[in-house]
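The following pair of complexes shares a single chain, subunit A, combined with subunit B in the former and subunit C in the latter.
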Partner chain A sequence: MTRDPEILILGAGPAGLGAALALATCGVEALIVDSGSAAGGQVYRPLPGAFEPGDASGLGPDYREGERQRRLLADSGAGTAFGRLVWSIGTDLRVDALGPEGPESWRPKGIVAAAGATERVVPFPGWTLPGVMGLAAATILLKSQCVLPGERVLVAGCGPLLFAVANAIRKGGGQVVAVADLAGPGAWLHALPALLGQPRDLLRGASWMARLRAQGVPLLFRHGVREARAAGAGLEVSLGAVDAAGRPIPSASEKTLEADSLVVGHGLIPATEAVRLLGAEVVFDADAGGWVPRLDRDQRSSRAGLYAAGDGAGVRGAAAAFLAGRIAGMTAALDLGRIDAGHHARATAPLRRRLARARRFGRAMARLMAQRPGQVDGIAGDTVVCRCEDVTRAEVEAALERGAADVNQLKSWTRCGMGPCQGRMCGDTVGQIVAARTGSREAAGAWTARAPLRPLGVDALAGDFDYADIPLPAAAPL
Partner chain B sequence: MPLRIANQVRRGPAVTLWVDGQALDAFAGESLAAALLAAGRRALRQSSRAGTPRGVFCMMGACQECLVRVDGKRALACQVAVCDGMRVETGAAG
Partner chain C sequence: MAQIPVGEPYDAAVVGAGVMGATTALFLARGGMRCALIDAGGVCREASGVNAGTLTLHMTRAALIPYAMRGWEMWKAAPDWLGGDPGVTVTDGLSLAFTAQEAALLEARVEARRAQGAPIEIIATSRARAIEPGLTDRFRLAAHCPMDGYVTANLTGMAYRRALVEAGVRLYENAPVTGIEAGDGGFRLAMAGAAPRARRLVLASGVWLEEMLAWFGLRIRIKALVNQLIVTERLRPVMRSVLGVASGLLSLKQFANGTVLIGGGWQGKGDRARRTTEIVPDNLIGNLRLARYVVPALAETRIVRSWLGFEAETDDALPIAGPLGGIPEAYVIGCVHSGYMSGPYFGRLLAQNILGQAPELPLFDADRLLVAPSCT
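Here is the complex of A and B:
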């Protein structure tokens, strides 16, 4: 077991890194804990250690930014614990993790939750088939593993990842069968004023779309996946028009395309397990991706000693995450008494100005990938919504008919959300289905977070020991 | 067509894994999920209730769909880096 840090940072993406750098400038001992092998998070995921960059220009600006951030972290002197799966956080802030050397735990004075996001995929028939994967999964394959998700790929869903992934597949030598965007081209135009604040990203997005168009890739706006079916070694995918709320238009004709793989994603959902486990207050913010911790302007949660930043506190993108992480770090240092209020104000003022601009851009992007209630409403009864337990929408509706009042009661009655992913894949969809009856996401509630936060074997926690190693006190004399 | 993109990176040394007893070529350090996909091994397990095939879905250790056995222990293929001689069993229920 390593020495207890003063502040433990959960997640080594841009937000966690920002917090670590800020804490280091204040002389606070910080430890950044992540399940990955190096810093960067999903957005700046590193290459595997045994890989060497070949043509770095082929790896793109995200790779270079990730390398820059990893250097900053290495130079900061902040502690790092990679390859650690955090599975429990106690009310005394004791953090338990499973690492390559076995179980570990730390008792920090404060925690910065910078857990990032998971991807939302709204269910459709066939979404559980091998060969169907998330846009974020494809991004990881392409950027970190330099592997195409398939030879001929259909790219569907919404948000900026759609065109980024399609472009990366083309660049890597793969074929993009079509791009189907739930949004209309007008949605991108609508976002334009906010996107102009970040010209570099705007140019990238615009050039992706233009390049795909020039290469003759069909771009289908206002279209969604109706169904995916296994066909030989590949897939047959039906697409159809949707309305502005994402609801399939029944009268619209379907278009069926063949592909090896279907890459599909409908936005990002903040990962709030740690925040909910510690009982900090969460609020529902559809434009930020879903449930988010309620934070003050200095990134403090409602629970003393718990701070949050980055997409895990509301999806606003990597630039905003890094800045919010730095503010969280400065605030943790202030609360530890290591800097005074004046220092905190001076250090955070320029960060706040930049954060306001980054958030404007992030909000416009997040709005393009917010959940579309009509899309959830359009899920057919026989479609599996909970992948782990194969629970269909009809089974969920039947339980709601019988009186299940919120998502947690529904979970007990149907096992929906009770499987190994612990509701991460179905939670957002099920929340909306329940909300259609209860009237609001607030009334539908959020899953109760419980340890272990990830499935893990009891043998891994117990370690290797013989029966003889268990200390048994001598029996008391009779 | 090979799914591994040429030129962007120099991969680690070539290694051989044993997947359900069959040899599979990969590169050291690669994610097991990526190596299996690149080899066309897409179905990795069956769902526990309906018994339908499942494969790599989230690539970030959240969905638990790519659960396999690596050297006898349950592991997520997307969270494991391959090494020479690694033994992988797919198709484990649950």
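Here is the complex of A and C:
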């Protein structure tokens, strides 16, 4: 890509796609950049390039919807840059990526951040063992590789993915040892009114649950994983009852089950690194999954030229993401002067009505997946919280005892969050542990975002070069 | 240390809790003074906590070699005077030249540093490769210093903070000073929620010195360098020394945990008033290329993070450290090139001066840099 797009869209999930389609209708040159091989994101995930499904009907409604969206994108005329890892975004809006041809960069006039979400796993003893993986990770295996996470799988955590994954494992021929949900049936009932607004999704969810019951899969409500231990080639997993805040009830008896894998996830966290890198204002919203950019009703962030939409701006699900993405695209076109305010208002009014309904559903789902502070409070001292750097909760508490006052100071003193994942896995847990002392997540702060947004191979980034190709600055003074 | 009665002035207020300010405060407190240390952030969270931590005479300004060597001794003895060990490691240091021009530069710089007492010598390339088997074979000339090493800079604040608290220094953290008034009895500091008074004042605020000196009508230009740093993920041991180049544009080391830190003063962008910094991607790639050229095995790893820190530099790139002319009982300390290495020594030197002892080595008068208002 030699030409700079007018608007660069970070992420080709439903939000990014919505933005690209909206921009295309306004005649704005947009470029959608994603690390994947095609559009779809996590929910409408494409198959790997080499995969040729003989019969796509077995791949489910998400795959079919993804195919439809990919066709829409191809027909829209929006530019695409797949297989690109965006690693730096400057305040001059320069976007740097590493692609198959090496480093690339663009200087758009505006950016739509549609980076999606990352998975939350609240640590427990044994969560770093082989055979333990996230619910979202299992979803990727199932959707994109058609691979089971194990033959006998224990599925635990919270939120709708629990039942989606358990059902997909059954469908793929695997055995589900049990489903352990932190929520009680009451929490699902409580969400019901909001779910009624999206009857198709509600039916799908209800049928997952009913099918698992009919197949005799034990559904353990208000239960969490106490510990996972290696046992032979598989795992031995202890489960126990939890209270409404997710805190283990010490007096409750434990149930031990054997499985060859444990699939566990505790919801989704908005991916805000790009937004924070640009210095846009973020606010903490537990019900939306964590830190989210502060947006106006047209999806503008506090920083001119930066828009955000989708789960990366607050977890509300794929349907809401697509609609918010379209609004963001229309707003970017308005700000570029390509459409007028009347056009913008007319185009976005029907989107807003549908978005309100989709958000009600998404909020109810997100609430089921929100972090349970009691669960974090219940993490034992010798449990590793930062798995990249092997930092235990007790080490975190010791640093707080010595005066570390926010997450970044804590990081300096303990290396918690300094590893390859740069705190994406532990940040939400650690933020809550610090907040328990500082009084709020705001006071605990958020990690400082820095390039590279993902680890980058030195060789790929440095490329082929001779000594003369190194742009050496002037020598330091003697 | 006895409790200070409310409203009673401190013997000294130190503004800026980097290595220089914190060391000054520590030795003032140990010398019997009631001392306050004030910072807009936390202890050693700017340059002193985010620099590369390299302790090398290869990059020290020649005039500062005697100070740096004493600073080095202090770092090595940190457990004795600081109490904690911020990961001090002693190892060989090499500086390399790849072109004829760089070789000439290296020879001249080695000569100048040797003249100031640095134990640096030009060595055979075969010996350099024996010292550092991870090195490329494409260099022309190498210089060796047996007394180099590094500190884990991110642990500096933790070690200093504990020492300061134990010495009875009153810490004001996350407390930006918005103005300082000089009066008969000393100084009054304007801060949100407090207005401490002190008989003596030490300004140790790094790149923010320019603004603070201006409060007293003293105009001294202080440039803010924005140094970029890069760190890799953990990888097998690929190097054991501290590596640099003749121009000073590389600092490279591998920590015991396997991560490799890449620096050398390649510039990012920053705004000291807003306290924001960001990388310049082309400079990150350039720095990375140089590192990869020097230690080819770096090709097999990934970088996981970059970050930046502000370094203060005067017009002549030499420090300001000592009494502030015309303002009784006011002192300044800062702008020491490669200041992390010499910092503890400069802090102790200034504390000695304030406590009325004869300093071991001369201080650096700030008056030489005063800019006449008409010239600006």
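As a working rule, the second predicted complex is superposed on the first by the 461 of 478 C-alpha atoms of A that agree within 3 Å, B and C clash if a C-alpha of one lies under 4 Å from a C-alpha of the other, contacts with A are read in each partner's own complex, and residues count from 1 in each chain.
As a convention for this text, a residue touches a chain if its C-beta (ideal position, glycine included) is under 8 Å from a C-beta of that chain, and two chains touch if they have at least 3 such contacts.
Being a predicted model, the structure only gives us computed values, none of them experimental.
By the touch criterion defined above, A:94 lies against subunit C but remains apart from subunit B after alignment on the C-alpha atoms of chain A. Looking at the shared chain after the overlay, A:472 reaches subunit C, while subunit B stays out of its contact range. Using the contact criterion defined above for the overlaid structures, shared-chain residue A:214 touches neither subunit B nor subunit C, since it reaches no partner. In the superposition on chain A, contact of A:405 is made with subunit C only, not with subunit B. With both structures placed on the common chain, the touch criterion links A:455 to subunit B and to subunit C. Judged by the touch definition given at the top, the superposed model places A:349 against neither subunit B nor subunit C.
Using the contact criterion defined above for the overlaid structures, shared-chain residue A:341 touches neither subunit B nor subunit C, since it reaches no partner.
Residues 419-420, 455, 457 of subunit A are contacted both by subunit B in one complex and by subunit C in the other. Residue ranges of subunit B in contact with subunit A, taken from their complex: 1, 3-13, 27-31, 34, 37-38, 40, 42-44, 47-50, 52-65, 67, 73-74, 78-79, 81. Residues 42, 45, 49, 59, 61-62, 98-99, 105, 108-109, 112, 138, 154-155, 157-158, 161-162, 165, 173-174, 232-233, 246-249, 257, 265-267, 269, 276, 278-286, 288-293, 298-307, 317, 337 of subunit C touch subunit A in their complex.
For subunit A in complex with subunit C, the residues that touch the partner chain are 88, 90-91, 94, 96, 103, 105, 277, 279, 399, 402-405, 409, 412-413, 415, 418-420, 422, 448, 450-452, 455-459, 461-463, 465, 467, 469-478.
Taken together, the subunit A residues at the contact with subunit B in this complex read 35, 37, 42, 47-55, 58-59, 85, 118-119, 128-134, 136-138, 140-142, 144-151, 172-174, 233, 384, 387-390, 419-421, 424-425, 454-455, 457.
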